[in-house]
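Chain IDs A, B, C and D follow the sequence of writing; residue 1 opens each chain.
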Amino acid sequence: MSEIGIGIVGGGYMGKAHSVAMAAVGAVFETNLRPRLEMICASSETSAERYRRAFGFARATGDWRRLITDPAVEAVVIATPQALHCEIAEAAFALGKPVLCEKPMGATLAESETMVAAAESSGVINMVGFNYIRTPASQFARKLIAEGGIGTVTWFRGEHTEDFLADPETPVSWRTDGVANGTMGDLAPHMINAALALIGPVESLVASVETVHAQRPGGVVTNDDQAQIMCRFACGAMGQMHFSRVATGRKMGYAYEVHGTRGAIRFDQEDQNALWLYRAEGPEAERGFRKILTGPAHPDYLPFCQGPGHGTGYQDQIIIEARDFLLAIETGAPVWPTFRDGLAVNRIVHAALESARSRSWQDVPSDPRD
Amino acid sequence: MSEIGIGIVGGGYMGKAHSVAMAAVGAVFETNLRPRLEMICASSETSAERYRRAFGFARATGDWRRLITDPAVEAVVIATPQALHCEIAEAAFALGKPVLCEKPMGATLAESETMVAAAESSGVINMVGFNYIRTPASQFARKLIAEGGIGTVTWFRGEHTEDFLADPETPVSWRTDGVANGTMGDLAPHMINAALALIGPVESLVASVETVHAQRPGGVVTNDDQAQIMCRFACGAMGQMHFSRVATGRKMGYAYEVHGTRGAIRFDQEDQNALWLYRAEGPEAERGFRKILTGPAHPDYLPFCQGPGHGTGYQDQIIIEARDFLLAIETGAPVWPTFRDGLAVNRIVHAALESARSRSWQDVPSDPRD
Amino acid sequence: MSEIGIGIVGGGYMGKAHSVAMAAVGAVFETNLRPRLEMICASSETSAERYRRAFGFARATGDWRRLITDPAVEAVVIATPQALHCEIAEAAFALGKPVLCEKPMGATLAESETMVAAAESSGVINMVGFNYIRTPASQFARKLIAEGGIGTVTWFRGEHTEDFLADPETPVSWRTDGVANGTMGDLAPHMINAALALIGPVESLVASVETVHAQRPGGVVTNDDQAQIMCRFACGAMGQMHFSRVATGRKMGYAYEVHGTRGAIRFDQEDQNALWLYRAEGPEAERGFRKILTGPAHPDYLPFCQGPGHGTGYQDQIIIEARDFLLAIETGAPVWPTFRDGLAVNRIVHAALESARSRSWQDVPSDPRD
Amino acid sequence: MSEIGIGIVGGGYMGKAHSVAMAAVGAVFETNLRPRLEMICASSETSAERYRRAFGFARATGDWRRLITDPAVEAVVIATPQALHCEIAEAAFALGKPVLCEKPMGATLAESETMVAAAESSGVINMVGFNYIRTPASQFARKLIAEGGIGTVTWFRGEHTEDFLADPETPVSWRTDGVANGTMGDLAPHMINAALALIGPVESLVASVETVHAQRPGGVVTNDDQAQIMCRFACGAMGQMHFSRVATGRKMGYAYEVHGTRGAIRFDQEDQNALWLYRAEGPEAERGFRKILTGPAHPDYLPFCQGPGHGTGYQDQIIIEARDFLLAIETGAPVWPTFRDGLAVNRIVHAALESARSRSWQDVPSDPRD
């Protein structure tokens, strides 16, 4: 068992989540590598100091370069606004420091490509923070599908829908500015990553995007409120996706359903401790979707609780992610999703925006390594 | 209160449903016009005679022309295979007899157009049997949306999914032969009709269709197992639809969700006595989708039961449909969906098939009358 | 195939339900015995004539004795207020006419005993109208349990809860007067009958009953609003029951759950087309309650629809009941629940009221025939 | 902001949960008092050392007296087997150290009374670990009811059901030995505490308890597998409770429903992020139970996540509990549930066991302070 000094850049929503995760992960997973909350960085010295005290870091800084270059910072979590991801990651890789970067990776496809190149030439651990796919339920779904538990996949439907901008009186903010912060740029990557994880590469797609409320108090909205994709996967399955930040009533609509030739799966993050499974077997009169409650029999549940059905929550996903990051650093084995995996998501986002613009089907370029 | 002689062509799945409906509708709705089960027609004299005894008709015939021309048959229900719809309807209209025709109307778009022309030049009552939209829940959903109960509609998702052909070992049959009997031709119309009823005309769409199991015991499948549509409605809303007969686990997945600027609605025919409604009002801490159980407060429920939550079923939809048909005949007022309304559905099916073929967005021609 | 003249006494809630059932049952189940709606009786000639026209009977009367004695009335359905059940049934049995009597049987335990004696000495078909146990889902649940599908039963919880008197401003009516019309007298029998059908005889119980709103507009309430039972079944299982007409939010809360040593069952009439089944078998990670949608594989579903998940409703239960009544008349074989079965329910009601009065456990006398 | 040295006695199921909570609570709630994981105690030096490393404590011991007396241990969490609770708590109180003791308090009613006396004479903070009532949903339910949000409460139903001993082949263990470890002694307290929190004191009750599987591999079972209570609350409401460790299919069936004169509430810990609320208001056609997803608008949710519907889990309840314990220590204000509150739960357990023994209604003595 040894310590590792963690530096987190950003102290807001995700910065806090990663700080808590780093404080708890050792006790939960009994990791060999124990995080030491070394330094936190925020946009000013004042707010950084506030976060330091709040989350229990040793030191604080208003300058991310100081954090990256500090010798006691041995691994970096990037939880800043998206525009800074690329530069910070490059700096960390240049010093050979492992990076866990929040999704979506770069502000543009070009930036994401730059980040992948930097990560891969450095040879250090790199990981993108697609946390939702790490719930015990979704990990189990992925395993079930991969093992043929529902036969050959024929259909996928996914959505990431919330309603935080459903009210047209909500004023403009950073969220309503710039394509990278729009629904397609910011929400869609989570579900696209899930689609890739569950079903595999997307071969071609057609998409449309829309700004539902173009004017809001304080100004003009410059990015999209909702978007949809229709696609064909490389495995032959068909699929649909839908993304929205104006989906009235939806709070955490990260949901998918998968049809296979011998079964089906349904999941909704709003009820994250249940996975619905249908098996086309046994007497017809006894078939039905079963609601499986997560428990010690499912991936990464047991360290949180010995009792099934007792449930894990949002913060626990980040703890699982932290464990995976630490384990990768410890063992040197790459951890999914790497920056390259994140780039595959960005390529689909890019193709979808292009399809929406041109009103045409687009092929999605496959990873040259594949 | 007076009697009307009913002739039903077809004694199978829907022929029986309409027969039961005609036997029960008078007592349920206390209609002024009381159906007399005058004559039933099937593909042979023998089977017609069997249906006559089973369902309680006065007479039987193996020749649909005899039924249509019989003077005691005053109104006609067409529940034959689709290929015969057009010819039978034309014959009935020529004699000035009202027609309730099962969906989908014609075997081709041209046939559907012929049927509309015949119906409209005859001036008699004509109606297409889209029964699912007549549940108390869906009638109420339609009313709620029309009255602005969820604000301006921004998003629609609909599906009609079943799994009766999910097993690749199910042999070929009439269902697996001919585009009109495929998923897009046969299942999709129900949900497309619902989309039109709930959201209004579709302006443009892009679609794909697929035969998942091209070979089955006994031969080759010539039509589609699943299909999907992405569309823009004339009102500005975006939407997605999905249709499948290989949706493992889905038994009656006639389901939709509608997002509006001030609320949302969800419905699934597998739980047809519940409508889920979200209203963006009241304290944030008390908001949520409410599960409204149908009852006497909802359209056409009370005649079936005085108690809320006691539920209606499949057969009851057909009884409601029969009441609407009889009422239209009695009053002379057209009854939705008319043949022209059915044609609008067929136009979308046609555009979707064309889109799938050409891999391009298609505009949907609007009704010249609109 | 032959006809049977049906006389129905009562044209209100249940009178209508039975009338519709008799109009439809032949076409639905293709019964050998076909009901002829011969005569309906109501409390006045005027209302009887109104019901006759509404439901399609041949004749009407304001005097139930005329109905019973009319030679064309060959079988009788009693759907009057409870106070008349005994007298009418006795008259019918005296003439050897089969009787389907609405629940609960007699207004008192003594009356119920009288009715059983009359039925059994006459030797004709006698049946009590516990309709809810006849849904395809509950019939299947009963079969599953009987066949050991969930192992040995260890626990039963049942409720019959509605909220039609939850509002204290609802005025007094016949429902609020007399113990036989109270919750224990009127609602409880349905669920007690279910308990007996699913689990078997009750050996002992302790109960409490309560009038929540003793004063209502128009006067004083003389019976109970809610009641509860805790019991031991003869098979050894423990159990609880709860009955209420003031269960705010509950519309048709006829619900039960049954635990067995190898499985469990849950059912709620508000979602009557689903049965939830858990089996303690297969990998732990894949266990869960499965939601089985009723379909052709379940008892008495197919005649209503060939498609699973399409659903049956309240009225359909009454149609199934009518089929069972007709079949019993046709074959001469007794049909569950007979009057004697109904008496067993009344004995439990009686014991529960006595337990509530004396605040003590009560043994429930077993049927001397058992 | 200052530190406090925490000593935890016990490193198993609950010992780990409290350790993780103490590691995370500062960062989550930004508490003024920051826990320092000072010492952990287990039944041997070896296992204590293992827990120390695993959870990140500074020191370890196999002797709980050393932990209690260590000057750096300033507050104590008791997570040992129940038999030791009393002695350890007394020792801690004698030194004026605050105690958070796992439920149920003492192994007997007498022990619980001793513990209350020790706590109250010491005057230091004392708290019982009924964690489930601390979910955002249950905290909100409690607040809603207290504020009259569902009117006057008329009915309560609660259960705590799991199935960890449903399989008769599971061998005997500490769980199957001794009344304090039985269902009534060990599981029931959670839900009884919830009943008291939501509805108020229980006035009288009748109960039954049962050992379903008296023989198990390895020996004889000496305590109960399932139990039930029927009761009257001091506020006038009626109620039922059910507890089981053989409830096949139930994983975390901590569930309750509450009927009031103007609304109703339903909750099930298996879906801990949803609270179901019915309000008898607005148009009849729009009423229904709404599924409220917990979010920042609910108690103690926001520190875990800014997004509603993202969910909290089992471990988060323990973190909330830790915050409440620390806050009580910081402010000196007593924290519910105190040992005296825990004693009220034990009195009901005691009365229930007595009722089951004597087969009679039992009055529950009210707290002399009330």
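Following the convention adopted for this analysis, a residue touches a chain if its C-beta (ideal position, glycine included) is under 8 Å from a C-beta of that chain, and two chains touch if they have at least 3 such contacts.
Since we're looking at a predicted model, the values are computed, not measured.
Enquirer: If each step moves to a chain the current one touches, what is the fewest number of steps from subunit B to subunit D?
Expert: Minimal hop count between subunit B and subunit D: 1.
Enquirer: Name the pair in A-C, A-D or B-C that forms the same interface as B-D; by residue number, over half of the contact pairs must coincide.
Expert: Repeat of the B-D interface: A-C.
Enquirer: Measure off the straight-line distance from the CA centroid of subunit A to the CA centroid of subunit D, and report it in whole Å.
Expert: Computed from C-alpha means, the inter-chain centre distance equals 34 Å.
Enquirer: Roughly how many whole angstrom separate the Cα centroids of subunit A and subunit C?
Expert: 54
Enquirer: Subunit C to subunit D: how many Å between their CA centres?
Expert: The mean C-alpha positions of subunit C and subunit D differ by 41 Å.
Enquirer: So which stretches of subunit A touch two or more other chains?
Expert: 250, 274, 287-289, 293, 295, 308
Enquirer: Which residues of subunit A touch subunit B in the complex?
Expert: 150-151, 154-155, 157, 163, 166-168, 206, 208, 210, 212, 226, 228, 230, 232, 238, 240, 242, 244, 246-250, 259-264, 278, 280, 287-289, 359-361
Enquirer: Can you list the residues on subunit A that touch subunit C in the complex?
Expert: 140, 274, 277, 283-293, 295, 297-298, 308
Enquirer: Hey, which residues of subunit D end up touching subunit A in the complex?
Expert: Residues of subunit D touching subunit A: 1, 13, 16-17, 19-20, 23-24, 26-28, 30, 34, 53-56, 162, 164, 250-253, 269-274, 293, 295, 304-316.
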